[in-house]
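Two complexes come next, and they have one chain in common, chain A, joined by chain B in the first and chain C in the second.
So, the complex of A and B:
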């Protein structure tokens, strides 16, 4: 096999009020971070169903990040606490299937923390790059049903 | 359409600008600084970390965009006011911003070209200040850069509102040049955007303090201040204690100016947590080695919360406007915000030292008062009847890409139609035509941050008949091209949006019909004041009460009101009562039941049944006068010392007090009182009927029996923060005003009643759309088990179990689109449209490519 540097795909679910605003700020400040991140704007970190994260891994993502507001700063009062509990569930599910639970990351990034956003993206991409590709994508029939 | 000029940028004036615009009047807002937040003193100094701070600009922008009724001039100063009420000629001088913050699209061309100072802001496009604008005027595609030149403008308006901001006193005045002292603003800024954590707590020499003292000078030596300083300091002290229970926290003040249930709870909590509150007559500050000794207590750091200082330029403003002042503040006619010159109003900090809640109330209550001089508002419905393209099962997606956002990217999207253009936002007409011509029925925009032009692009799509549910925005600029993203990332994001928009549903948010009438329950003073404001605007005003309360004598802290004789107050009250009862429908019975919801309440009394769109509760209270004590606490129960302070001042008796004896403007000549005990000089007992009303409506009463209603701005934000809806809409059509809410002076009653009345008129349009816009909750009838979990989860009261079908249904007029129901529903029957999980799955499939 030829040796090529592995480029992971990381799906990021970013809350509208804090982490997306931080990503905006990173953009306006022209802070570069690896293009491996695929940002998805969600209204609140708590709207991210555990199924979405597992589905993302199953579809071929090598890792997922969930970004929310700092504890106590949630725009919907307690959304980020719910997100924290959900992440615990996702990690438990992954562990019980004997997969690497480090491929799910929860990070609090507030709207004014553009530099922190870029730093987290850099560090996490590097971490996943060293870890290598995820084998979760070869697992079939897991995740939510399709609703028409 | 009336025309109002608002001068100043305090919290109250922002509210007033938004409210006048919403009521259908044209507003000219003279901003006193270089940008919208420049002189926002109260917020910046007293609650720099509070969310309202950032919210105010959002409110202004939103109302501006929605109504198109607000015009802003920066760096403006009034030079002359001619004419009289209903026909003012106002001359003012203004200097435009070097970069128009409402026009800038953030393309950064000027950034590359020349010397730009750039201050990014978390929620907005960011402020840019240019030093040598001449060079950049040509490169700006949006015409946002201008060479700032002073300009004189003359406008004709019907009413003028003056609301200049106070200045914070320099802390040197209180503490000299002592070391290890900082202003409250600097203190709070240490944690801004980072969260309260001990690692950010540093004193001027870089050492982390082990004990903190807070000093509130309000009330000493006639220094002015409102209750707000106390609330903020107590809250911050509690934050510090929660952050590190080992930290020694002290508060130094002359009186503890916290009144009412919520604020006293703060005081009790502070004592409970071990915060030491020292009441001192004057500050005695000594340096002791590395520490400070404040009145015998050793602290490492002293934080000073400066009070209100009357700025020099207020004198000039008063002179130009030709109005009288007392102690620097504008004189107002008793129980109004109108100054001594007809048609000129004073607001917020210019009236007296106010807290932010009061400022917000004032900013709303001014509308009915000023409307006497204004032409009829222009209340035309702005949303035209658009014929939406409905093709749920035959998606044809058009992708519109902005070259400004996709610089250096190779775009390759799986879509029926791709359109590329430099600066989409500058060619609105072209987009509309392209959408129509190409026959697409779903649109994806690849452009910049939605905070910048998202709403505008969505609106353009609507003009071409594409419903907002069928529009997706991809943030190519901030997420890809500016941060070193590649074409693979851009295409994955675009394709994901295309797949998602294909499966979106169109949700036509139903509108609810509204009964155009208002029911005021109770016979308090606020009941009459609110009815007085409403009678001209609403066809049916009902007052449901057996009898009206007698007027109480806690008139207010403003000179004119405070010195009114008892006969004058009674005469004012009797004229008001006569005027109202001539036209209102007085139902002389007690309320038995209240059914229905916002827009369609049904109020039952013993023999009547009336229908109303909005309910105002103004049951008033019973006044008890016993002794000469200004009580904050009696027998462990919270009392309202503010009313007692006014009473003691009016009566001129020698009184006693326990925690506070004066506040706001009374500080200039406080009542004669000493610490002691006794029977209360005045006590308000809430009406018995409150209990029944609270039970029917599911509202909360405090221990004494007063209604809870928007006690503090913080609570407002928590209630209203969801989806950034306006405060006025956040109460589900039920307002509480006057003594039913808490003991208060007549002055404050006029503000609260005005707030309730004005807010009620917004809700009484012919039909109510969902406040959430395109996001609205629906039930999938096949899945709903009728368990009612979503009904409990809904904070807005929008969900109910239908008695016939036994499944959950939605009152769209109340739904704020927060998705709490979708979160709670165990069977997946509650969905917030236009989101559906299928779209997310489709999106995930594409986005990983």
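So, the complex of A and C:
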């Protein structure tokens, strides 16, 4: 039997005004992006407490993406600047504890950037696929490989 | 006359001159020290302004006093340097109203772990004697040994009391308010040399920082937290965790149906109960890490003696480096309340930097 290839699960938090619109545009433009992405539409990238991203990783997601409007284009004027600070915080916490901080991604994709949306999703899925499954979901569990 | 007697005399004088109408300072209990608020000069004798134990963060007490309404009376608060920094940070978070409050801070001899003190009490005079010689007692808490700012800092609090390297304590003003107070009291400002003493602390801190840092990702964190009871004491004692309703105690987020538990156990080859233990600590780091003052009360509060300050203090410092922010020292707005339009591009995209 052929060995089953690892397919990552990636949870995406996409802002309503830009990245979600870009996802729609990518769809209507018939651009292919991988089914590994599980999009969640949020009103603004700044409404996502990074704890929810950590939690997604702990529940078994292999990576998470936060998608927002380009800096300066936020529908709520300053939301994405705050989101950027939060991502900086969560990535620093993960890095400092020697977790894999590449599994949290922040991307700016505006409503007209359907092709960019498809490209980013393809690239990131490929990147995580090469990286392999996340160890994070075994936090506070009995499973998972022993790390040396 | 020792330092405590001196401070008490200062309080009585200030009461008589009408410069203050209330004092908040530590007072001894049978086994420990608690904060006390007094409004009469006759009660000054019940206080121990410089106490060997820090059971609560004094700034947190000031928050409780001024949470609903600014201080009605002129209040003198005796705070350790770490508490004074907390006070400043909480003022920035709009948790303490600084109006009518004068903060007096001193060269801190460190504090003893409250539980150690309960069984093996050590007098404050012994601790102060050490710093007068420019040293530091080895009985004090880990967080005190590696303290980054053990002395009063200008613009953090109002009045400083210098004890290091001197036999006669000196007062100095840290703010205009403090200057006025000292002038009205007729106290000459003095100075003492504490640079070496501070440098000694920072050197110990650097070594500690590299040695005790928690490494190794999931395994490292799990090992570190292996005896955690999930009691949330660290959060309750943390002066920066001032939210009335904590996200991690929200039953709508952290109550699950049984299906969920079984699915987890299927998926993760068995889960530890209660759940969300590590998530709580990571989440707390995300929420308060940028403003961690370094009082180490999380570690003192831990019933299982987990050296939590190594987690919150060190990761907190890493966060503060990213934002170039020193909580309680800088006048800048805390990072979580602020943003710049052009910053932090290394955290955007996969390889850093926007296309």
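Keep in mind that, in the parts below, the second predicted complex is superposed on the first by the 137 of 148 C-alpha atoms of A that agree within 3 Å, B and C clash if a C-alpha of one lies under 4 Å from a C-alpha of the other, contacts with A are read in each partner's own complex, and residues count from 1 in each chain.
Heads up, the rule we're going with is that contacts are C-beta pairs under 8 Å (C-beta built on N, C-alpha and C of every residue); 3 or more make two chains touch, one makes a residue touch a chain.
Since this is a predicted model, take the numbers as computed values, not measurements.
Peer 1: Applying the touch criterion given at the start, work out whether A:130 contacts chain B, chain C, both or neither, answering first, second, both or neither.
Peer 2: neither
Peer 1: With both complexes superposed on chain A, which partner does A:43 reach: first (chain B), second (chain C), both or neither?
Peer 2: First partner only, chain B.
Peer 1: For A:90, is the partner it touches chain B (first), chain C (second), both, or none of the two (neither)?
Peer 2: So A:90 only meets chain C here.
Peer 1: Go through the superposed model and pick first if A:28 touches only chain B, second if only chain C, both, or neither.
Peer 2: In the superposition, A:28 contacts chain B only.
Peer 1: With the two complexes superposed on chain A, say which partner A:60 touches: chain B (first), chain C (second), both, or neither.
Peer 2: Both: A:60 reaches chain B and chain C.
Peer 1: Would you tell me the residues on chain A in contact with chain B in one complex that are also in contact with chain C in the other?
Peer 2: In chain A, positions 49, 51, 55, 59-60, 71-72, 82, 143-144, 146-147 sit in both the chain B and chain C interfaces.
Peer 1: Quick check: in the complex, which residue numbers of chain B touch chain A?
Peer 2: Residue list for chain B touching chain A: 106, 120, 122-123, 125-126, 192-195, 449, 451, 475, 477-480, 482-486, 488-489, 492-493, 496, 718, 721-722, 818-819, 823, 828, 836-838, 840-841, 843-845, 847-849.
Peer 1: Would you mind writing out the residues of chain C in touch with chain A in their complex?
Peer 2: So the residues of chain C touching chain A come out as 213-222, 247, 264, 267-272, 275-279, 282-283, 285-287, 289-290, 314-315, 318-319, 322-323, 335-336, 338-344, 347-350, 354.
Peer 1: Would you mind writing out the residues of chain A in touch with chain B in their complex?
Peer 2: Residues in contact with chain B: 9, 11, 21, 23-41, 43-44, 46-47, 49, 51-52, 55-56, 59-61, 70-73, 75-77, 82, 110-114, 118, 143-144, 146-148.
Peer 1: With touch defined as at the start, can you tell me which chain A residues reach chain C in the complex?
Peer 2: For this pair, the touching residues of chain A are 49-51, 54-55, 58-60, 71-72, 78, 81-82, 84-93, 95-100, 102, 105-108, 123-124, 127, 135-144, 146-147.
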